[in-house]
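Naming follows writing order (A, B, C, D, E and F), and every chain is counted from residue 1.
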Amino acid sequence: MTSMHTNTSDESLWRLFSAVLKRDLLLSFRKKSDLVNPLIFFLMVATLFPLGVSPQPAVLSEIAPGIVWVAALLATLLSLDSLFRSDYEDGTLEQVILSPQPLMVVCFSKVVGHWMTTGLPLTLMSPLIGMMLFLPAQGMLGLMSSLLVGTFTLSLIGAIGAGLTVGLKRGGVLISLVVLPLYIPVLIFGTGVVEAAAMGVPYDGFLAIMGAMLALGCVLAPVAISAAVKISVSG
Amino acid sequence: MQFSTFSEFINMGGHGLYVWLAYGIALAIITANILMPILARKALINNLVRRARREKHQASRQESQKL
Amino acid sequence: MLEPLLKIVDLFCERDERILFEQLSFDVQAGQLVQVVGPNGSGKTTLLRILSGLSSSYEGELFWKGDPMADVREEFAASMLYFGHQPGVKGALTPEENLRWYAAIHPSIDERDLHQALNKVGLAGYEDVPCHSLSAGQNRRVSLARLYMTHAPLWILDEPFTAIDKRGVAEKEALLAQHVEQGGSVILTTHHDLSHSGPVTRLNLEEYMGT
Amino acid sequence: MAGKKWMPRWFYQLASPRWCYEFTGKLLPWFAAIAGLSLVGGVVWSLMFAPADYQQGNSFRIMYIHVPSAILAQSCYMLMAIAGAIGLIWKMKVADMVAYSCAPIGASMAVIALVTGAIWGKPTWGSWWVWDARLTSMLILLFLYMGVMAMHAAMESESMAAKAASVLSLVGLVNIPIIKYSVDWWNTLHQPATFTLTEKPAMPAEMWMPLLVMVIGFYCFFAVSLMMRLRTEILRRERRAGWVRELIVAGTSDKG
Amino acid sequence: MTSMHTNTSDESLWRLFSAVLKRDLLLSFRKKSDLVNPLIFFLMVATLFPLGVSPQPAVLSEIAPGIVWVAALLATLLSLDSLFRSDYEDGTLEQVILSPQPLMVVCFSKVVGHWMTTGLPLTLMSPLIGMMLFLPAQGMLGLMSSLLVGTFTLSLIGAIGAGLTVGLKRGGVLISLVVLPLYIPVLIFGTGVVEAAAMGVPYDGFLAIMGAMLALGCVLAPVAISAAVKISVSG
Amino acid sequence: MLEPLLKIVDLFCERDERILFEQLSFDVQAGQLVQVVGPNGSGKTTLLRILSGLSSSYEGELFWKGDPMADVREEFAASMLYFGHQPGVKGALTPEENLRWYAAIHPSIDERDLHQALNKVGLAGYEDVPCHSLSAGQNRRVSLARLYMTHAPLWILDEPFTAIDKRGVAEKEALLAQHVEQGGSVILTTHHDLSHSGPVTRLNLEEYMGT
């Protein structure tokens, strides 16, 4: 019995990444509801506004970019709470932390899995909601591209909050407090893109800024997420 | 001195309500920020003193039991 | 004897104003089975979490094969297998998928031994039943199957026999005995009497209790 | 701990709660005196002697608490995040305590800035609140403080709470410039700035002098409040240490 | 040892009711954050709209009733998830079901406790948000009274969803799906009241309807809640 | 003997296509201690949940003091105390508050015995510590303290000794013996050997296993 050294070569990292991703996707697909629920939530929140605010197309089309984005943001936020929670409760998170594999890669892989099961379908569904809220047709592409980039940033930032609150009994609302202020730049630029697109103004500048935020997130967030998870588990 | 009479000073050229409200709230929050640590410190020290006394008491009782 | 596998020097731990243990020093040699004993709340779980690296709220020093733990954290992680209060089994996955995942995250666990391990813990035939429809004991057996698949020399087990039936316990004890015989080490807590595990070193936490 | 040798000596002394307790005990009266003097002097000066603004009249006097509190709220966040980082990296308990003590002070400064701003807005803009870039980013700063405080409150173990809150405030620190930038940009896109806070008439000296005094006073008040909280916190967390027991036994005469 | 009959006299029911209420309030007050967090969430969600939609007073004051109500609805919804969850996870819910005391009373008492710690503070805080969204001053009374009545109805309805989803691992989003459609009448009449009040039109008709919904909820919801809880636990 | 306290007639239960037990009939008399035994996954928990009324996925009939269970559900609930896998203890409350709450919801639990009960389970001095900072065994002891406070004649206990140390187990066994002696009944599962509890009737589920 010899001690075993971790092989942190690229290839082994990639294997780890894909094993984690595969498992998380498998878990989501086994519980179909996990896939569908954020979508329905998105749809429902978006429908609340015509009911609560006003059904007039003129009013709705003006507030549509904001509403779609806020609904997407809330749907992501709510689904994030469970990102680490079930792993924490059944003890798998403990095992991941104790394993010699780099935690950062595991966390990043979980975030990717989360985005693939919420952000991506949300993006694909957004034109439907845009239509329901009378968003001009020329705004659709802007809506989708901003959501595509933005939801991943949201998942990355939110995962930090999820990691920090996973050890707490009633994380539910706390995660929103921690994460919502950090979401505001994404919200502002996201709606900026959609509004520009709806008015037919070029929006690639804004989209580039969103891309930059995503890149920054990809670099910094995994460090923060893994630190957060470690703190939560090892108290 | 910008004001010639006291009531002029209170009135602040019609903006008295706003100015005094702002200064009053700021004063309240600042005092609370000074008072709260003082009270917390008092409560803590009382607590610690009581505990120290209790421990001393217990220790002496144990001594006397041993003897 | 050579360098001890794990060396604990002057460990001190306190929780909520109460000293759980102090001046706790002991060595774990290769081929030794250490049972940590003590009544409920004496700090057994706390000690095991410290040793495994899950908790850092302690004072004192730990050495792994002579090196300070902080320097060889990764090597230690690769050679240690921890089994905690929670079985670490995903209810939505089958026993087989659960174990494959463990093999992916821990290099010392060998995926090829999977079916044999499931057999050994008496779960043959349950490979493709999701774990949430297994009983309490069966769930813990899934997690224990890792012991049949690992090459890690040090096992840290916190009440591994909870909810396991008599025959299961006897089998697990035999496994521990075999592991120790082959030069591995085990640190465990349990309220069972170990009767089939060969020589056992006991570490009684009551002796190190704070004043 | 890497890099031990290159740290100046005071850094290690600060790391000792006891030394820190005694040191702040010596500093405290000085800061308290300066804070008291400059705040009283500043208030009298700004309320009675500073000239009224030719446009806004006497409501302009609100500036003398609004601006210092707004500035302080921002620098307090910096201090909190930096102290948190030091606590995370060097496992320095005192830094954790500083970070913990900063949050409520910073939050209350943000509240003062918001409330005085709102009150000022009523006579100036005719509305208690506008979604101006500055105001919005101050509101978000308050939210960030609240998140950090909620984090502290939610965690049961102190060391865990300190670490978690530090991570959060560091993440927030990275985000603050982004938030500021985005909010500025957002406002210019939506609405041509009706009222700009930055576009001020060059202030005459008799206007900014009292402001300077007030700013100094606020900073000293901040130091006083922080040190008082810190000292209580040190006592609480070190209550088992010998020197605290001696201090307690020596009598409750030590006030401050 | 003689068998014991339950004393279902009014007085004993009242004792049970107050014991449950006291415990739930105690739990909330012990974790202050449970009290404050829904409030901050309410505030934050309300802030998202000016950021996402438009900061102009004219636009905001038009959509203010809808936004305040949607934010209140979401805050209630999110805090509901934990109504039965922690009791379920640590086994107390099982014990409540097995006790000879009427489950309906226990459930109703838990809902009252929930409302006192979320709906009531939310109502008290609503004028602040109304102000930030430029709701006319004459609308404030309508806002508060509609929220006072409405949030209790929301808690009652939401508790049914909470009971149904408590046995599931990731209830988080599911509860929204179950409950949101039922919330829509409350939302419509609630915003109706606020809009009428803001325009200076009498709104007691709408308020009376909301009162009727509340009365209906008080009668029917406890039955549904206790049935839901029973199903979830003895699955 | 008189009418049995609990009478089980021809019970049948199936889960996921697998018959757990069938044609299971037995009586529990006043003054009897029944230990349900069987390996992991044989359906012990399932049986206990059926008997206590938590689960209704079964076929067959249950009688309480001669009456069909459905008619006397409430009387049964008042005379039965159930102890499940989960201890049913709120982490944010202290042991004392937890037990007061139990006294409020269950008429057979007497609040006046509270301090004595806490003493008996070895938690004197922990009355005002929130339960989340107690160890695994201490948490279960809080829940077990109910046994010292109740007048209910029938106790249904699912692995009550999990995570309890040796001395604790011996004390609890003595308590069971005393309860049985005073005419109460106990149905329990445990993987421990019952050695201090007087006469034990065993119900081996393997004998009723489906085909």
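Convention: contacts are C-beta pairs under 8 Å (C-beta built on N, C-alpha and C of every residue); 3 or more make two chains touch, one makes a residue touch a chain.
Note that the structure is a prediction, hence the values are computed from the model and not measured.
A.B. asks: Select the chain at the greatest separation from subunit E, using centres from the mean of Cα atoms.
C.D. replies: C
A.B. asks: What chain lies farthest away from subunit F once each centre is taken as the mean of the Cα atoms?
C.D. replies: The most distant chain relative to subunit F turns out to be D.
A.B. asks: How many angstrom lie between the centres of subunit C and subunit D, each centre taken as the mean Cα position?
C.D. replies: Each chain's C-alpha centroid was found; their separation is 48 Å.
A.B. asks: Could you state the distance in Å from the CA-based centre of subunit A to that of subunit B?
C.D. replies: Measuring from centre to centre gives 44 Å for this pair.
A.B. asks: Centroid from C-alpha atoms only, then distance subunit A to subunit D, rounded to Å. What do you get?
C.D. replies: Each chain's C-alpha centroid was found; their separation is 32 Å.
A.B. asks: Report, in whole Å, the distance between the mean C-alpha point of subunit D and the mean C-alpha point of subunit F.
C.D. replies: Subunit D and subunit F have C-alpha centres separated by 57 Å.
A.B. asks: Hey, what residues on subunit C touch two or more of the other chains?
C.D. replies: 57, 85, 91-92, in rising order.
A.B. asks: Taking each residue of subunit E in turn, which ones touch at least two of the other chains?
C.D. replies: Correct list: 31, 33, 37, 40, 44, 51, 54, 86, 169.
A.B. asks: Which subunit B residues touch at least two other chains?
C.D. replies: none
A.B. asks: Considering the complex alone, what residue numbers of subunit D touch subunit B?
C.D. replies: 39, 43, 47-52, 57-59, 61-62, 65-66, 69, 104-105, 108, 111-112, 115-116, 119-120, 122-123, 221, 224-225, 228-229, 231-232, 235-236, 239, 244-245, 248-249, 252
A.B. asks: For the complex, give me every residue of subunit D touching subunit E.
C.D. replies: 127-132, 136, 139, 143, 146, 150, 153-154, 186-187, 190-191
A.B. asks: In the complex formed with subunit A, which residues of subunit E make contact?
C.D. replies: 31, 33-34, 37-38, 40-41, 44-45, 48-49, 51-54, 59, 62-63, 65-67, 69-70, 73-75, 78-79, 81-82, 86, 169-170, 172-174, 176-177, 180-181, 184, 187-188, 191
A.B. asks: Would you mind writing out the residues of subunit C in touch with subunit F in their complex?
C.D. replies: 15-16, 38-43, 45, 85, 122, 129, 133-138, 141, 159, 162-169, 191
A.B. asks: In the complex formed with subunit E, which residues of subunit F make contact?
C.D. replies: 49, 52-56, 65, 74-75, 77-80, 82, 84-93, 97, 101-102, 104-108, 130, 151-153, 182-184
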